[in-house]
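I have placed the structure first, in the form of structure tokens, so that the comments after it can refer back to it.
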């Protein structure tokens, strides 16, 4: 199998290249990147020196699958011709995630380039949508925050355990903001600092709402989602809070065990969703495709607290894209994704 | 005026020394620290080389005020004799914060050494309790988390704007854990990492509850408080979530302005509680005694979000202790605390 | 006394403002900054909210001293009119440091705007040039690296102890690169990383050579200077290596003591050059105007190793500029510079 | 093939486990660790949850190769019985690196447990000693600093280009200090800080000297080696300085090209020693087994500067140990070591 990456020159793109290089069934045959056309991949990114490819302006080869790591809007434009030609495509950006074109326009500020594709595209969260992904022509790879937040909350919603008021307090490393320069990613501003951003609404909120709504029949989540920037490069930790319905679980510590058993059962066949019994840390996922999920109950207030963590560039982006590719093409789902987290 | 510090050798103690050194009305005349008896302060802590004092075993001089930076339990033991002798005392640890001795025993695991002192001691949060602090013989300096959390929520509770369900998601630098060694403060474990801790209840929760209960008549807060450790040395950011009562404020953006005006009015005479109109960062408080407070409303869910930040070793510990001292002794409240934050 | 800062909007500029705010003899009366004209200082830089000034386009007030925190070339242009009008000036940039206009052109790529001023200007390193600074109309504030490197080596050269081959291996935090955006200051690129830069020659080399040449009669230093970028915000540590002349000091450990005594004697009246007996750390200087100097001898190879450290924004820039101002105007030299380092 | 790790519970041990898990020819069958006997590997180290092994007290299984990740002294004790039984062994600690037992005693403070093994053991730096490693019964895996320092200097010494005076200024992340607690690895002390340590001599110096002496006939290096601790977890960068012999290379830039060509030729068949043309960064080696080497010349002083970098836990420890195992057992040398660096 042959694969191409559009816009390899950002952090999502180079992470796709890094992971595909170790995939035994797929060969990366072409990469593009406007800012570095004509350079060898290893000149622009020394850690990729073992990949012998030149960065080109356009994907011109015949490939089985194309990944776009372009920013939104540009990504849709670049991928539509491939989809129309019948090349299966995975969009790492946000262009095909929202099913509702008016929501897209509201959050991204422009009308969608091809609204009819929104119906065909599949939201590529394998733990919830594996069946649809298998046959998808176009997979919309989830955002980094939504991946962890949805996996943290889906079991509780699916089992009808919680009320619809949900708070998601997220903490992220800086690499999610990409390689583009900005004062908010300037070392001296980020280091030894923490702050909330997007305080009036983050674009990942409608994705989370859309997918959680699908999990529970008639469930209309009212979500407050607040992301925080912390001084590290990779990693996202979501702390999710919701009130348990009366009687949903046994009172006291046995209720906690009940919830954990339920979560473990929900994800029991999942290679990359791991439910644990103690507070997890992002470092346990560095460079690796796992999402670690820790359900707990604040017994004083009968509140469910679910903490999830992942590497925003792997399970939150490039790794999940490859997981989706594996599913789409009937490959072993974990192929290319088996390296353990780098710790410490 | 003369002051002594008991247990100068931890991070709270050296921060007290650093700040007192620049205080024009008070002279630091004695410091103790069992692990370093006989050393000059500047030998043990080169940044304090300008303070010409030897670390001793006990406070033997006559002083006007004594600060204890010992851990809980030891702190009560050390301070009680001073209080009994009539020396005014400020406890930077947790021993005199909780008014209810049974709560103390529940959270700290031992009966309180002198429960009758719990009634006399004053919870030293000047913005709420300035009057009592003035005449206090013993001030219990608030915890680092409670300082920011209480200041973030007090105005909303005082005005009756919010329901009793409250979530406080806190992010802290590592220095709050002190100078004692532990794997959870080991550089290679903390760096490039974030995790929640004390997931079954943190000792600062009862303080927060106790003080917020006093702010609103009949207000019985049901608080979930979850602290997170992030890879930085100083700084705490609290993100506080609560549901607004129907009609409490005007709908839409004008409600946000209303809330901010209310907060600004509440703290209008406060030198160290600063209400702002945009998302604050801990770096704006580094080394400085301010608590910056940003009230906002999630208009989609009618939820109040208040973010507060401070330097956990200054307004969250030593700086607030000196503010309390200034109040107790009728000094200018900002004396010794006027240096601007170190930025970047 | 009245002072103005030209280009307050970079890291040097805001640090000058922070320090001047606490100076009891000098009032900061005007600040400029093209990118933020019309904003209050506290809007652009919340940590400076206590300074009630608006950022303006030009210095129009009458002032006693003007600081320029502009980049080189622009700085000369801005300062020349003030110098010509007789306003005493301190240039935090590099425009008046090199005495030789051809060296300036070689390293900075343009002819000097006013070469005759190079003769009048004084290299503002108080420990070596205090006398000249007193009467200077124009002080060229030294670079951050040269300050530490020159102070580390001057005593040994002055006493004729070392040969002329010198290696200076420097490690710096990122703030020295300023507030301007670049990939080399992008958080995700700098964090968890170290690299050498300017490997073919750094502009601070000719300054170091020029000043060390003045210290020793006939001493012609042959310096290799290699700076490294490390993942922290503030701080520079220079490790300086030179071979001791045969018989320059006693053999063995007593030679080390001899060297330290000599260094202590050399700096005995200096408030900000502190000679120590154990390996120093940049954290001992955070926010403070000291340069800490640790002379040592590698007894196996008879090599002198001097390690010096300082805060690049304080003793390496703004603090030293204020020290120079104090000297120029006959104020107490330590005024406004007495705050202890922020530790940890 | 079967392998065991003695003392899996430190950073070297878990890194060996991480890498062996992906090795296709070798199965990790037993791990020991006194502090965690009876725990599953994944309980003690969640990132290793995919390895289904229990931590035991002793290696009792029959294995083909045993790795010791114990500290020195304990490591020799643990490995000697295996070597005597004929099990091939790789010591990640320092016990068999120095050929001279009196040097060992001088630097490690105790007589060597079995001096005759010092003659048999092979210093496991494949780029220099591959032939001997092939048939070694006992491989002494090099220290993290020596690996990078020796690889940086060997070509220049081998070709007779430099004088014997050498300065190695090293910068390291904190993980090299291991998982044991100490104030010098305490987050609040290390973060935002840099300092030199072991200023009177580091134990890695005699290793470097011993191996560089072997590279050049009659070459008696006089090395000053000064390590610095910087605020990051993984990575070492060595900056090595030596004076070029007159006429050793062409003057000017062509001499630089000559040196680089020579270095590239020296390492042309090496999978893990990569010579580059621009200043490298440790981040290009994160989690990967490469040592990147950048030779340069300071044309002003005719000084050779060679910068090398590597991941101290991979090429500087566990990765090199696996490379040695591959060589010892005739496996493909890069097996298990092919993952690209994690960047950013």
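A, B, C and D label the chains in the order they appear, each numbered from 1.
One rule holds for everything that comes next: a residue touches a chain if its C-beta (ideal position, glycine included) is under 8 Å from a C-beta of that chain, and two chains touch if they have at least 3 such contacts.
What you see is a predicted model, and the numbers here were worked out from it, not measured in a lab.
Visitor: Taking contacts as defined above, which has more of them, A-C or A-D?
Guide: Most C-beta pairs in contact, of the two: A-D.
Visitor: Quick check for the class: compute each chain's Cα centroid; which one is farthest from the centroid of subunit C?
Guide: A
Visitor: With chain centres defined as C-alpha means, what is the inter-centre distance between subunit B and subunit D in Å?
Guide: 46
Visitor: How many angstrom lie between the CA centroids of subunit A and subunit D, rounded to a whole number?
Guide: Comparing mean C-alpha positions, subunit D is 36 Å from subunit A.
Visitor: How many angstrom between the C-alpha centroids of subunit C and subunit A?
Guide: About 46 Å, centre to centre.
Visitor: Can you tell me which residues of subunit B touch two or more of the remaining chains?
Guide: 11, 173, 175, 188, 191-192, 231-234, 280, 283, 286, 344
Visitor: Once you've mapped the touching chain pairs, tell me: line, ring, star, complete or other?
Guide: Here the contact pattern is complete, since every chain touches every other one.
Visitor: Would you tell me which residues of subunit B are touching subunit A in their complex?
Guide: Checking each residue of subunit B against subunit A gives 165, 167, 169, 171, 173, 188-189, 191-197, 199-201, 222-224, 226, 228, 230-235, 237, 239, 241, 243, 279-283, 286, 294, 296, 298, 300-301, 303, 305, 307, 309, 344.
Visitor: Taking the touch rule as given, give the residues of subunit C at its contact with subunit B in the complex, in rising order.
Guide: Touching subunit B: residues 11, 14, 18, 21-22, 45-50, 175, 191-192, 233-234, 274, 276, 280, 283-288, 292, 338-344 of subunit C.
Visitor: Residues of subunit A touching subunit C in their complex?
Guide: Interface residues on the subunit A side: 11, 173-175, 179, 181-183, 185-188, 190-192, 231-233.
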